[in-house]
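Each in structure tokens, the structures are laid out below.
Heads up, the next two complexes both have chain A, just with different partners, chain B and then chain C.
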Partner chain A sequence: MAHFDEKAKPFSHQWMNDRLAVDTVKKVLSTEYWIPKNINFLWAMGMILAATFGLLIVSGIFLVMYYQPDTKTAFDSVNYTIMTEVGYGWLWRHIHGVAASVVFLIIYIHMFTGIYYGSYKRGREMIWLSGMLLFVLFSAEAFSGYMLPWGQMSYWAGMVITNLFGGFTKDFLGGIGNIPAVVEWIRGDYVPGQAFLSRFFMLHVFLLPLVIIGVIVLHFAALRIPHVNNQDGEEFDFEESAKLYKEDSKKESKVIPFNPVFLSKDIFVMGIYFVLFFYLVFYHFEFAMDPVNFDPADGLKTPLHIYPEWYFLWSYEILRPFPFNVGLVAFGFAQVAFFLLPFLDRSPVVAPANRRGLFKFWFWLMLVDMIVLTVMGKLPPQGAWTIVGMVAAIIFILLFILLPFITKNEKKA
Partner chain B sequence: MSSRRDFMGMALGGFAALGGIAALYAAKRTWDPLPSVKAGGFTTIDLSAAKENELAVEKWRGKPIFILKKNASMPKSDRDVVVGGNHYLVVIGSCTHLGCIPAYLPGDLMFKCACHGGEFNTAGVNTFGPPPRPLDIPPFKISGTSLVLGESGPEYEKMLAAGLTQSV
Partner chain C sequence: MKEFKILAVVAFFTLVTYWGVEPFAHSQMHKEVESNNFVYDGKADIEEANNAIEVAKNITDAKKKATVLDAANKKLVAKKAFWAEVSQISKLQGNAVAGEASFALCMACHNGSGVNMGGVVPPKLDNAGSLYDKNYLIALLKDPAMASNVDHKYADTMMHPMGTIKTMITTPQQIADVVAFIKTKKVAKLTPEVAFEDACGRCHANRYGNLTQLGATPKFKTEQEALAHRVKVLDEQDRIKAYMGKLPPDLSIMSRARSEIYMETFIQNPQSQLPNTSMPRVGLTSEGYGMVKAYLEKTGDPSKDARHALGPWVIVFFIIFTMLAYLWKKSQWKDLH
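Presenting the complex of A and B:
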């Protein structure tokens, strides 16, 4: 070792610094991790997501101690044991259920903030891609968790969603896309049963959270070098601004350190968020608890109306209005479309959507279309709603096809 | 020098890939349905108890099986199972769209799926909505007045060959 102080007392600052480079790590990850000043509360969504994920882990730890991944006892272990016997079991369940729902609201806000301010391109592609990967992983995590109470909605959502993996019908392209064996392979049975429940339990409490934590680390790391975007998409010299800040010209500098300055603002926004969050947990948890799922799973009785949780409705509505094979293609497209955003947007301009010509209309149309799809997905497939849903689904696909053309000739703002 | 290092790298990579593929295969097989699940895939159903135009629901491989004994006035179909001169509709009661269970409306002589509005007639043929094909007929073998589901007899093979249903 080059610099090694033999006289340092064990675990003293010097001793630790010689072994773990704590000062350098602290600088790189916190006190000299520079964040632009020119941002607003929407930049706090990342930390809110991290905190909500933390709550999901903590509440999940307590739930998993009493939950039984057995088709005969799963329903009662949740609705009887955890809800009525375990001290404060209801608290963990309601935190877990509300957080699972709210986390998607924040993810969507986080995503559309990125889209609005152009934070997915010009060196920030890996942030976007790792973030989209997290969205897919969170979706899988939410779906696998939804199976566990083994109620009617769990069972039938499991049935319908795994059926999608059977591919196209036999008469489509000579049957090459017809793979019903995959459905049985995923379930480990002809229908969702014990094998299905235990493997989705494993995915929900171990493999998926492990992968999610890994990708969160990647997502944070992808942000460290290109730095956070700002409200004007302005490119400036972070080192120069950091130098000004350190020389005490804080007013002239365009940056603040992540810790403690930015984090204190983050925590303020988080405080407001958690007031709302715990209001929901204590007084309005029922929005995250579908009443149909309080009937135990029954393979011989389909609920009258099957719908996913609100955060999947938009993509469900892209599947639903079309004939089977077309719907499957459209659904598949909807799952990957947002991954393509950095490559479909051909404009080099990083600026708020409202200053970007045609992209302004693209952004707001996309946002409204997603909301329309979400509302339509919840309504029964009848009459005029089917038409509205189909038009909204077609607009969604068209918007992505049009994106390269409307951004290609965009003028610099 | 570098070629020797390349060789070592490729040899290491090759063996690692081989081990990786073997592990993937083992993982795939671990997820396959268990032999006990596969062996439980046979069910015998006695048809003599069925009443005319009244839907009976049995269970085979965890899926609902619809059994509908037809009366004289109901239309006959190539898809009917004929046992002792009686015509029966025997189908898997899962909508071919996404697997919901359609309800039988005896007055209208049709099945209606509540999930996405699909309709089927008493031959199990889709007549309206998103279902891409008729209700599937489970593999069956006639044995006296009973049906063995899960085993394919000559009558079922004939239906398959004629394209009246697809293998499940």
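Presenting the complex of A and C:
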């Protein structure tokens, strides 16, 4: 048994400290968790994501109390019961819908911040990988949630996406991925129906959130040892800087404690974000709620245009312009490509992309290419749009193939 | 300042993406239909007939082309003649007193008994003068199928459930008189719900507004009564289905599912947005449509008032929150640089 003060009163500070090491935990996770001082507001995106995820959980809890996962009543439980009969049901629903869309905008900003400042390599690989895993999990969470209102777009997006698995036949890559009847197995039926809805309901409200929370903990933990990157990719001794800070040489020190200094800036940025967020919730929520989904699901009536929510459009467009099997491989590649980033980038330099020679062009081209893919993914596949989409998809794949070559001979800045 | 530069870059790419997937993509996905401002002059009908001729010209099979082209040409002539006559009648001075006598003929069917006749329940006419446009009413009395632009459904427009009107009210002056009577005597202060029930409610349900094709569903004391009523509704829906080809959609949240411009142009001429639909033109006045729209918005977006009442408070709260957070941040960072 470790040392502990027998005279300490139960639940007093000393008593708790002997049992839970509260002082040490507070130091490690908060007051002596050192963050570089040389940062900008983009470093607040992590906390903004955490806050938005919190909003999704809270609003989701209220919604799940009234939502009915039944193909006959799901649509009206969302659009009537929650919207008219439940006190402030409309508010929770709009918060949930807008947050589900905005969370992806922040994820993309967070991701491209990481890419721009080179925060995915030289000891930070696990942060990047756990982050990408979160991206995939959030995508699954968003997709499963989109099924729940059981509108036309829920039904037909569910149909189209599950149909993708129909590509695994004996014709796929010489039969190595031949899984017969996998589409029916996923749906639990020949078409999306009750089994499909119940399954996605379970995934959306239980399994996926549980896994997401676990991976968020991993993501935070992965950050603690290699420390947060800074605006110049500068490597310095955190211990030494921390010592300076504690000796009150704050100006000379390169670090600040997470709490309260870093947090004070985070919360300020979060305030600005919430003003914008609630403006969207109250006055401009349509972008997050597709009109087509306000028509109840009808298996006999295919909508004129079927498209995913905006945050999936870039990968959808990588799938679409090619013949089915090629598209499926390209789509699969797009899903894992960003995971490979730390290993494809062969340069040891951690610095902003603009100071990294050819990588500068790689970064901006990738950003623009993904926006082009996103827009093309929504447009009907007709005429010139198909060609633009195909070129953008090929550029996307080429950029990843070229990455090791353009970073290999990068000079140290 | 560097942070503002970074913010500008982030905002720029965000807004470009938003523009691309929202306004731009939607402008490419939906064909543009212009509103005729609730004027019923047959402009769109004649244009459609013209377009049909262009389409017919591209048919490769010579024999088929000849038949289709001939039919299309005939339709164009018929449409032009029809709307020209409507315009002529519109100029006549109608006599409301004389019109009242002819109007009695209408009451044989439009009596509010709620009995389905030939597919639908004939509409009540108590508010017809406020709801429907004068030109449209003239056209309707002349030839209901042509007026509502669903003549493609009938080999002979006499087959329209109201087709026999052509044998009942025959002269232009008679038409002008009846319309004058309707436009002066059958006017009422409309409410959104009444406008919806009169103009849309005989074919379209609105379950969020508790409306079926038989009107508002009352509260029943026993399950038997409720089921008996349900059977009546199903029977009525079957009759409408048989007549229209499918059950017209419930309109509870149509205002969220379609854009404002879509609704406005669709109601003036359903063919413009859904070619060959069996939905007839309703002939609403701008004011009548305003009432219908108000009802659809009430059932489709019931939280609008609550949203607008609460929104400013939440936003002001976060503005104050942000200002306090800024002061805190400033105090925390003052010794750092």
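In this text, the second predicted complex is superposed on the first by the 399 of 413 C-alpha atoms of A that agree within 3 Å, B and C clash if a C-alpha of one lies under 4 Å from a C-alpha of the other, contacts with A are read in each partner's own complex, and residues count from 1 in each chain.
In the analysis below, contacts are C-beta pairs under 8 Å (C-beta built on N, C-alpha and C of every residue); 3 or more make two chains touch, one makes a residue touch a chain.
No experiment lies behind these values; they were computed from the predicted model shown.
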item	value
Clash or fit (per the criteria above) of chain B with chain C on chain A	fit
Touch count on chain A, higher of chain B and chain C	C
First (chain B), second (chain C), both or neither touched by A:251	second
Degrees between the directions from chain A toward chain B and toward chain C, using C-alpha centres, nearest 10	60
Which superposed partner A:19 touches (first chain B, second chain C, both, neither)	neither
Which of chain B and chain C A:224 touches, first, second, both or neither	neither
Contacts of A:109 with chain B and chain C, given as first, second, both or neither	second
Chain B versus chain C as contact partner of A:305, first or second or both or neither	both
Per-pair minimum CA distance [chain C against chain B, superposed on A] in Å	9
Overlap of the chain B and chain C footprints on chain A, listed as residue numbers	304-305
Chain A-touching residues of chain C, taken from the complex the two chains share	2-3, 6-7, 10, 13-14, 16-18, 20-22, 24-25, 28-29, 207-208, 249, 252-254, 256-259, 300, 302-303, 306-308, 310-311, 314-315, 318-319, 321-323, 325-326, 328-329, 331-333, 335-337
Residues of chain A that touch chain C when the two form their complex	37, 40-42, 76, 79-80, 83-84, 90-91, 94, 105, 109, 250-251, 256, 260-261, 264-265, 267-268, 270-272, 274-275, 278-279, 281-283, 287, 289, 291-292, 294-295, 304-305, 310, 313, 367, 371, 374-375, 378-380, 385
Interfacial residue positions of chain A with respect to chain B in the complex	156, 159-160, 163-164, 169-171, 180, 184-191, 193, 195, 199, 299-302, 304-306, 320, 323-325, 327, 381-382
Chain B to chain A touching residues, read off their complex	28, 31-34, 37, 41, 57, 59, 61-64, 97-101, 114-117, 130-133, 166, 168
